[in-house]
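Submitted below is the structure of interest, expressed as structure tokens.
Labels run A, B, C and D following the written order; every chain starts at residue 1.
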Amino acid sequence: MSRIGVFICHCGENIAGTVDVAAVTKAALDMPGVVHAVDYKYMCSDPGQTMLKDAIVEKKLDGVVVAACSPRMHEPTFRRTAEEGGINPYQCEMANIREHCSWVHEKGAATTAKAIDLVRFQVEKVKRDHPLVPIRVPITKKALVLGGGIAGIQAALDIANAGSPVLLVEKSPSIGGHMSQLSETFPTLDCSQCILTPRMVEVARHPLITLYTYSELEKLDGFIGNFKATIRKKARKIDEKLCNGCGVCQQKCPVKKIPDEFNEGLSNRAAIYVPFPQAVPNKPVIDLANCTYYKTGKCKACEKLCPTKAIRFDQEDQIEVHDVGAVVLATGFKTMPVNNFSEYGYGKYKDVIDGMKFERLASASGPTGGAMKRPSDGKTPQHVVFIACAGSRDRLKGVPYCSKICCMYTAKHAMLYQHKVHGGQATVFYMDVRAAGKNYDEFVRRAVEEDGVKYVRGRVSRVYEDDGQLVVKGVDTLLGAEPVEIRADMVVLATAVQAQNDAEELAQTLHVAYDPYKFFAEAHPKLRPVETNTAGIFLAGACQAPRDIPETVAQASGAAVKVAGLFSQPELTREPIIAVVDRQPPPVFSHCVGCFLCKAACPYQAIEEEQIKNRNGDVLKVVARVNPGLCQGCGTCVSTCRTKAIDLQGFSNEQVFAELMSI
Amino acid sequence: MAEQFEPKITAFVCNWCTYAGADLTGTSRIKYQSNVRVIRLPCTGRIDFMMVLTAFSRGSDGVIISGCHPNDCHYTSGNYHARRRWMVFRDLLDFVGIDLRRVTFSWVSAAEGAKWAELVNEATNNVRALGPYKEIQQLAAAGID
Amino acid sequence: MSSHHESSSAHPSLAARLEKEGEVSVADCYQCGKCTAGCPAAEEMDVAPSQVLRLLQTETPKHEDRALKSLSIWMCIGCETCVTRCPQEVDLPRAMDFLRQEALARNVANQDADDVVAFHKAFLNSVERAGRLFELGMVGEYKLRTGHFFKDMGIAPTMFFKGKLGLFPHGGANKREVADIFARARAVKKESKV
Amino acid sequence: MTDVRVGYYPGCSLQGSSRDFAESLHAVAKALSIDLVEIPEWNCCGASSGHMLDHLLSVALPVNVLLKAKKAGLPQVMAPCAACYNRLATASHEIATSPATKAQVESVLQTSIDKLPRVLNVIELLAQVSERIAPKVTKKFEQTVACYYGCLLVRPAKVTGFDRTEDPVEMDKLVAAVGGKTIDWNFKTECCGASFSISRSSVVGRLGARIMQDAVKRQAEAIVVACPMCHSNLDLRRGEINQQLEHKTDIPVLFITQVIGLALGLPKKKLGLGRHFVPVKFPPRPLAPPAVQ
């Protein structure tokens, strides 16, 4: 037995000037189930709301319809009022007789008739409203940050400084990412390690940050506020607690000729090694593929000589499972390998290098101590050619997008070169200079105007070697496409920024979307740039798209604020507009037949398979179950289900069809 | 002058784009014909075939289905599902003998107030020209739903 | 007034026709010049290969004319270096073929390329007559067309004595069939024009 | 050893100016048990003149050849001339990718076209039987040579799908298989002027000079080619080339089939070695390494 009250708002003249509100009120009173109907000048005003509350009590109403403006405007207001009046807020509906009626139609009988119809729809709907409670989900206030580049470091520090514990998981033996390899950074030319190292140390010392280096995420289950992360700690073969980072092992290890990853192969390292002197943690790792002991069973020199007896040849990978409430993805990027450039020699010329190698050559902490020496013979190159857009904006190479950072770092490289080699000449082949940031274009102009870097507009077609020099065949399109041939001592390719090799796999592990180039996709390109479509998983840095450091840091702090905001709530409450699969007493259990069409249709992976078991644990039936933490209430599943076993609260089949039946 | 036939149009719209777009038509005070009745749904993905049939059998002479533009769906891919189903829909509607000229599919975003008004006017005029949808109502009376 | 980037709709621009008939999208070229930088024939050209495309991109008769009358389109060897490296995958050699054919059709081919045109014509004529190339016959026709009679006298006798220059056309091909192919190709092309 | 049966498309120049290529090809094929089945009544592919002057013919003529091969029951066709190979492969590619062209060609040839035979170049064919070569070597080919692929063997990649576009190695492997050394050089695929041989021999001279210069500088004793046009541009046109060079060169230009033929001990006459413009001879080799000075 419904007792519905209908409240018709005049909205001053806004509604009453066009719609005959008295007629609507009268019509409402005739609708089955309506026991009370009034019209009033301003329903949203204090007296209006008080009137609604009082009526609920006095008339013992169990549902109300407010015919006024758009629900997108005042639905929360009237639902709160209804709750104060003593009914469930979800038993209050609004009929939009302003935006959808009085404001868009002429005054007259037809418009009033429409208003009456709109009221009738909502009366039919409200009669079938069930009391709903907002969904409350607990939150584990601990964050997982994946990737320890500048993005991950910044996000971890910001979240920890806001008071929540963080697990920082880094794949390689040290945090720092690409930034730790950089020499100086645009647009200020400050030394990269000088600004990064203190942050790395801060991460290591922060009481709320637990660092997992040389570790990977194996699995992520659960949903926002309630994830379960499975982390694999790969065996370093070192007891980290005992090791004091003295470095004796790497000095004494007989295997010495392994190309050093940190120096981009420009120097060598041992089989047991700390990636670079400022590494965090400053603990070595044994490279199993190259250690003599693991290859032949003989050696163990490191074990014998380690003063703290920290070497553990029998150490195994460890698996840990942690509860976390939010995840920040900060796994960064890679650059296109130089052997992708067939026209520039497939990477076979030693003096055709990429930007990252140049960073190591230019770095004071690099293999040459910052002196410009070319890799082939250590000579100082007198003419260096830089090739911008190497692989970027190149459909043929599968990268049609602009890599965004290379115009700037190429200008930086050319400038650093001119500073280091007096009398040398840097020439940059470019297509456009994209320097759209604060002080960026000024930086590029400085390279040209003050440091004498020559910019030639055009792409290079081929690089080959002749008499120990590199011949660069390019073109100057500003001279009417005149071919230009330069004999250079070194060529630097500004190689395209690409997603990490394992990005697709990781995206699938985390159920986040990715673009055609395997960069992780943001929830909205403009308004939700640090969120993914999966609630509780956020993005920072170059794993989303090519980014420089300022942008990376800004985005990391943005992601951290989203996490902190989430963690500041006592628990998650969400509108209960979600799907549910019906449950029936045995032996039916549910009308669901387990076809899982709904599961395939759901854009949020919110539908799970649930086994209904008897006391012996035998599976009696497999049915669908909606995870309320993941469901966003789109209703796609409902229209997919043939047995109507799944329904959407607040927009149920019963309600929608009742509206339709009253047309 | 004989009284002009006034069709009944039922519109299924999503909450995030088209409903909001229609609100904007209101705040911009753009006038359109009053024949349309809006059924608000969270997403076009929520619409099912039976809803459209019911609308017709209950006396609608035309139906509008409108949601977010592709790629703009509030629910990521909801409207893709809807679109894919529309193809099937069309065939089904055709199969049960619904006159497809009476069904208008469109996209109206929250910023397209004027487009909503045009859409309603166009659909209303088209259906008005087609006349009342007697066939389906007769069938309905005979009990197809 | 010169109307840059404008063409009358009555005559579709060369770029539009290339897109349709030649399946080359001139608009895709972003003028990076990589094609020109690697082109072995660029030195012999009056308009660089990338600039030929630029002329077409304007879609104005004035610039299209310059492309059609250029020496470049005849100097292109068809070596495919450019398309192999073009970041936008623009099939420039195909565009060159199209322009050559259009220049001949409009009778505006560059006179400095008469010898090149003559060579290709002589070649095809020889094939049309015999089904296969008759080198000596072709060279003879070429020399008659161009007057470059004594140019290769230096190597011809050597070729002859080394058995590299046949005095008679080769048999073996189905002459009729090949002549028919030439004839029908002309007919099909005519048809597709109307 | 079972015979490898393959459709053979000689193309016009192998019948004419490049008889040496034809002779050596047949001799080597016989030695390696390759059965070259000449396509009956084959016609000219139109060569560069075809595609330059008449696009439709440039597809129709080669497709006509391929249809004849198909009719003769030949699933693959080998064209020794790189230019013919390129025309055949390009035509095949166009039929597969452009329905409009396919329809036009069908009406020119008055037949419908479906799957066409696979098109091979001579290197691909020899690579298929490469393991047969080494055991038959009677006299190692001990020269150091520059393998010159030219442009049309490898380009464009999406049409030929053969080897590494900018730095092919398949011919180098064949030379190595008969004991030869190959140099790593820069002009493996740089164009030699191709069909400009007659109409613009100056172009050929300029382009050929750069090619020869790099090869000679890197101590090549000969150039090895797999294309009659490359051969005539570098051999017949040596006069024009030398005019552009400071240091004239007389290193010979051999077809890959001649190199293999020599190593297999086939008589020089059968390999057409006497027909070259630049005589095929190599400087005598010291028996022991030269004394250190």
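Rule of thumb we're sticking to: a residue touches a chain if its C-beta (ideal position, glycine included) is under 8 Å from a C-beta of that chain, and two chains touch if they have at least 3 such contacts.
Please read these numbers as outputs of a predicted model, since none were measured by experiment.
Across A-B and A-D, the chain pair carrying more C-beta contacts is A-B. Remark: chain B and chain C have CA centroids separated by 57 Å (rounded to whole angstrom).
Chain B has its Cα centroid 36 Å from the Cα centroid of chain A. Inter-chain spacing, taken between the CA centroids of chain A and chain C, is 53 Å. The multi-chain contact residues of chain C, meaning those touching 2 or more other chains, are 43, 81. Within chain B, no positions touching two or more other chains are listed. Among all residues of chain D, those that touch two or more other chains are 165-166. Of all possible chain pairs, the ones that touch are A-B, A-C, A-D, C-D.
Looking at the complex, you find that chain C touches chain D at residues 22-23, 40-41, 43-44, 75, 77-81, 83-84, 96-98, 100-101, 104, 115-116, 118-121, 123-124, 127, 131-133, 135, 139, 142, 151-152, 154-155, 158-159, 162-166, 170, 172-174, 177-178, 181-182, 184-185, 188-189, 192. The touching residues of chain C, when paired with chain A in their complex, are 30-39, 42-43, 48-51, 81, 85-89.
Chain contact summary for the complex, chain A toward chain D: residues 342-343, 345-346, 462, 464-467, 471. Those residues of chain D that touch chain A in the shared complex are 164-167, 186, 214, 217. Listing the residues of chain B that touch chain A in their complex gives 6, 8, 10, 15, 19-20, 22-23, 25-27, 29-34, 37-43, 45-48, 50-51, 54-55, 58-60, 74-78, 81-82, 85, 117.
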